[in-house]
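Contents: one structure, followed by commentary.
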Amino acid sequence: MEKREVIKVTGLPIVAGFRWSVGKMMEKFIKSFADKKIIAAKCPKCGYTYVPPRSRCGKCYTKIEEKNLVELSGKGTLTGYTTAYVELDGKGIFLDLDNPKVIGAIKLDDSDSTIFMPLGEIDQKNVKEGIKVKVVWKEETKGEIADILYFKPAR
Amino acid sequence: MEEKQIKYKTEETIATEGEWPVGDYKYKAWKHHEEFKEGLKEKKIVGSICSGCGRVYVPPAYICGRCFRWMEERTIVSDRGIITSFVLSNPMKKGMKILGMDPVDMGIVADGEVLIPCMVKFDGSDSFVQTILLNVDPKDAKVGMRVQVVWAKEPKGQLSDIEGVEPIK
Amino acid sequence: MMRRNVAIIGCGQTKHGRLRNVNTAEMISEAAWNAMEDAKVTPDEVEAIVVGNMQGFGGIYDTELWAGELFGAPKPFLRITTGGTTGGSVAHGGYYSVASGLHDVVLAVAWEKHSDSKERGATTGLAHVAMANMFHDLQQGASLKWLVSLVTGAAIGVSAFQASCYMYRSGCKVEHLDMVAAKDRRNAAKNEYAHLRWPNCTPEDIAKTEWVSYPLRFGHVCPASDGASAVVFAEEKIAKKKAERPAWIKSVAAYADEPNWLGENSQGTAITDLSEQLECIISAKEAYRRAGIKDPRKEIDMAEIYQPFPHQELMFSERLDLFDDGKAWIALEEGQTEIDGSMPLDPSGGVISTNAIGSSAMQRVLECALQIMGKAGKHQVPKDVKNAVAHGWGGSVNFTTVAVLGDSPRR
Amino acid sequence: MQRKIAIVGYAQTHHEADPPNTREGMVFEVAKGALDKAGITREAIDTVINVSSDYQDGRTISNLFLVMAEGAYLKDESKVEMDGAFGVLYAMMRILSGTHDTAMVVGVTQGSIFSPHQISFYTLDPTFDRQIGLLNDVAAAAIQARMYKNKYDVSDEQIAMVSVKNLVNATSNPYAHRRIPKPTVKKVLNSKLYCDPIRELNISPISDGACALILASEEKAKEITDAPVWVKGVGNCQDSYLRDRNLLKLESLETAAKKAYKMAGVKDPPTELDVAEVTERFSHEELMIYEALGLCREGKGKILIETGVTERKGQTPVNPSGGALGADPVLATGLVRIVEAAKQIRGEAGKYQIQGVRQALAHGQTGLCAQSNIVFILGGER
C-alpha cells in the first residue's frame, strides 16, 4: 500500500439542543424587560456595576445579592463598534449580509460593563465612539431577550 | 418503591436556548473500511497485521500504537470465532422510537424480538468485532460460545454483508 | 531532586441533582467558593486555577472564559479534560501545578450541568463520543438492524458489554450487582450532596427494577446530575498552617490504554476483554510505587471508585489491587466493602448515586480527602483513615486516574 | 524552577486548508517525527499531553482515539483543551514535579471539519451574548481593532503592514498554509471585508495541522541532544470576560509576560529578545502584543511595524515564520510558535533563520480577543 487515501464522512442531520437555566439574577434581568427596564447588579463593596447582573463581583469578590440590583436608564455611551458585512450561518460558514449590521459596544450610564448590542436608526457615517445611545424596545414586550430591538442615537 | 428514593431538585428559573449542529462536521477517515468491504464481497474477513508484534486488527487499522509503526500488510482471518461479550435488549415493541424510527414498523426487527448485540473475536485475530448474535434463544447466549458468521445471501461489499453470527452446530 | 509535598486543604461542592435555579457560572463558582472558604484562603491567595468538564454536555465551549471571573479571573487558568476521568485529571493538574513549584496554592474545579441539555440523560453528548464512528459506519453500509441493536442493546454504551465480560471473568452474578447498587444507594443516603439517595435500599429493591439491557438494570444505572466540586491544593508549609489535618497527595498516575471499543473511525483494536483494564492495573502500580505503598491491601484504608455501573466497583477494586482478580464479589458478600467494613468502597455513594460527569472523578479525590480530614459527616467511615485511593475511569474504557491520599506527607 | 527543562525534539505537519490526511495520520506523523528528531523511541517518553478540543474535533473526549497515534499507549497521559502552548506548560509541570523526566506534547486541529469561528461563538455567555447572536471571534476582534485604531490613531495601512510582513515571511516557510505571491498593503486592503476594519487577510486562515514537541529534564536532555533549547521562563494568565475587561490592552498577556521575564531574568525585552513567535489571530492583535510584551510603550505598536523593527532584518523580528496569519491550526498554533522559536535558537529555520538567536519568546492564546495568554522564554545557552 503506497498511499493512504482519505475519504470524507458526512453526518446525519442531528442537532444537539440546549436550554440553559439562567439563574435568579438573570431571570430578574430578563423578566424586567417586560416593563421596559434594564437592571444591573452593583457591588455593595467596590461599586462596580454589572450589566447583565450577576451574583459575585469579579473585581473584589464580594457576593452580590438581589437587594443590590439597581435600575438603569437605558441610555449609554458608544465605546466601540463594527459594521459586520458577514454573519455566521450557525454551521460555521460566513454568509454575506445584504444589509450590513452595526454592532455597538455600549457602556450604559451608571454601569461599568460593556454590552454588545445591535445599533439601528443610524447612518453608518454618523457612528462614532462617544456618541450617546438609548435602548429601543419592541412595542409589546414579553420579558424576553428579544424585547430589546436595538440601540439608537439619543439626542 | 420509587417514593423511597430521594432525588435532589431545585425550583426552575427561565432558560435560554441554543444549538450545536453535531451532524455538520465533515470528518475524515482512512479507506480502511473500503479494504474490509472488498473482502466481505468474497465472504472474507480482512485484518491488518503488524510487522512488529504480529497482532491482527479487524477491521484493518493503520497504526500499531504498541510498535509505533504503520501496518502495511493485510491478512484474512476465519469467519468463525468466540463470543467475548453480549447483552440482551428488551423485547422490541411496535411503536417504540429509536433515532426517530419505528424499527418494528420498518421491518428491521420482529415484534417481540430480543436483540443480542455481541462482541466476537474471530479466530486468527486479536480484535473483537461488534455484531448481532442470531438464531439462538437469548437464554442460551453465553460468553465463550463458538460462532460463525451469517453472511448475506449476496454480499455486496458493505458492512451489512455480515448479518450477524450464529452458534456453530 | 527534592520533591515538593502537596496537600488538599479545602473541599467544596454543590448539592447534586437537577439544578435549574442557577446558571453554569453560578454553579461552578458555588463549589469554588465553598472550597476556598473551607481552605480559609481568599482568591488573592490562590495563584492559579485548573478547570475541566466535558464540553459536549453543557453546550458551552471553554465555560471558564465566561465564568472564570466569578471565582478568580484574572488568573492563570488551565483547562484539562479527558472524558469520564476529567475530574481526576483536573485534580492531577492541580497537584502538578503545586508539585512543580510554579505555584503554592491552586484551586481545581470540575463540573457538569446535564440538565442544560434538551435530551434526557444528555444522550447526544454521550453518543457524540462515537458519533464520528457511527456516521462513518453508516456511510460504509452498516445495516439499520446493527444500528438499532447498538442503540437499544447497548443503550448504556460499552458498560453493559463490560459487565458481561467481567461476569464471565469473575463468575459474579447479577445478584452481586444488585448488592453493590443497594449498598451505594444506602451510602448516598448519608451524603447530603448526593443526587440519588435511597435509605435502607436492599438488593431486592434493586432487583425489582426493569432491565436496561441484560445484565444491567435501571437500579444499577447512575443518574445524570448537575453539580460541581472543587479542591484547594497547597504546598507543605501553607498546608500545615491552613489546615488542621490536611489530606496529603502521596501520588497520582493516569495511564492510557488502547481504546477498548474500536479505534478512530471504527478501526480494529487489539483488545478482546473489556474487563482486563490494563491501564488501571498500571496506574495503580505506578501510583503505589510513587506513594511508597508496598502492600495496598494492608496500607489502604478505603477507596472511592468511579463506578457508574455496579460491576465496575468490583472490577476496579481488583485492578487497584485491593482484592484478587475476580474475587471482589466474595469480599462484597462478606460485607468488607460496607461503610463499616474492612475495606469501605464508595462510602459517599459513588458515581452510581451522583454523576455530574466532568466532576465525578474529582469527587472521588474530594471524598477521599474528606475521609482523611475527618470531615465526611454522616458517611465518615468508622475507622482512622491513614491512606485512601481515589479512582477515575473513562474514555472508551481506556483511561484511568489514580490518586493516593494520606494523612501524612510522602517521605 | 526546581529543575531545568529543555526542548529536545519537535515536528510539525505542512499546514493546509484541507489536506488528504486524517487526524490520526497527522498526529502519528508529528509524534514520530519528533521522536526521530530527538533520536529516541517511544519507550523513552514518560508522559504524553494531548492538545485537542472536543468541539473542534467533533468528538467528545477528543484524545480518546488518538492514544495509539500519539504514542501514549500505556503512558501517563492527559489532555489540555486550550492552545498547545498551555499543553507544554502542563508537560513542564509534570517534569518539574519530579514524577516524570520526559514528556511529549501533541497538538492537532482540523479546521476543515468544522469552523473555529463558529466554535468561538460557543464561548459566549449563553444566557445573554449568545442569545443576542452578533458576536464571534471576528466581530469581537473588529470592535477591538476599531477601539484601538481610534485610541492610538492607527491607520488601516499600518495594520495591513502586519499582514504583509507575516505573509511575506510565510512565503519562505514550507510549513505555512497561506502562501500568496507578493503580498502588499494594497492586496490586504482590497481583500474581502468581514467586519470593518477587519478583512480576509487580517484574519488567520483556517488550517489543518498538527505539531509535537518533546521536553526533557536537564539530565535526560543532555543524554538525548547536544543542542537542547532550554525553557527559561513561563507565565500565563486569563482575563475577565469580554464585557468586563479593558479591550484596549492585552492585560493578561502583559501579566503573563512579566512573569515569564522575571523567571528568565529578562529585564529589557527589546534588547534581550532576539526573536519572538506570537499567536496573532488578527493583524491588529500583533501590534497590541508588541505593547503587552513590552517591546514598545502603549499605543506605539504602529511605530515598530512602520520602522521595520519586527521584520526579519529588524532589531526584534516577530513571526519570521509567518505567524498565525501564515497558518492557524487552532490548538496546535501555540505549539508551532514554540517550535519555530526553538528552531531559531538551534539555527534550523532555513530560509527564515535570524542570525545569532540566543534568546527567543513564544506566545500562545485562547479565547475571544486573546483572553487567555501564555508566554515562554527559550534560550540556547545555559
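Note that the chains take the letters A, B, C and D in the order they are written out, and that residue 1 is the start of every chain.
Methods note: a contact is a pair of C-beta atoms (placed from the backbone, for glycine too) under 8 Å apart; a residue touches a chain by one contact, two chains touch by 3 or more.
What you are looking at is a predicted structure, and each value in this text was computed from that prediction instead of being measured.
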| item | value |
| --- | --- |
| Path length in steps (a step moves to a chain that is touched) from chain A to chain B | 1 |
| Which of B-C and B-D has more C-beta pairs touching across its chains | B-C |
| Centre-of-Cα separation between chain D and chain A, whole angstrom | 30 |
| Mean-CA-position distance for chain D and chain B (Å) | 41 |
| Mean-CA-position distance for chain D and chain C (Å) | 33 |
| Touching two or more other chains - residues of chain B | 12-13, 15-16, 18, 20, 22-30, 34, 62, 64-66 |
| For chain A, residues contacting two or more additional chains | 4-6, 9-12, 14, 16-24, 26, 58, 90-92, 145 |
| Overlap residues in chain C, where contacts from two or more other chains coincide | 19-25, 56, 59-60, 69, 73, 116, 124-125, 128, 131-132, 135-136, 258, 263-265 |
| Pairwise touch network: line, ring, star, complete, or other | complete |
| Complex contact set, residues of chain D against chain A | 20-22, 25, 114-115, 117-119, 121, 125-129, 131-132, 134-136, 138-140, 142-147, 150, 193-198, 240-244, 247 |
| For the chain B and chain D complex, residues of the former touching the latter | 16, 18, 20, 22, 24-30, 62-66, 68 |
| Interface residues, chain A side, partner chain C - complex | 9-12, 14, 16-24, 26, 54-56, 58, 61 |
| Of chain D, residues touching chain B in the complex | 21-25, 28, 32, 35, 41-42, 55, 58, 67-69, 71-73, 110, 112-114, 122, 126-128, 130-131 |
| Chain D partner contacts - residues on chain C that touch it in the complex | 1-4, 23-25, 52, 54-57, 59-62, 64-69, 73-84, 89, 92-93, 95-97, 99-102, 125-126, 128-129, 131-132, 251-259, 263-265, 278-279, 282, 286, 290, 394-396, 398-399 |
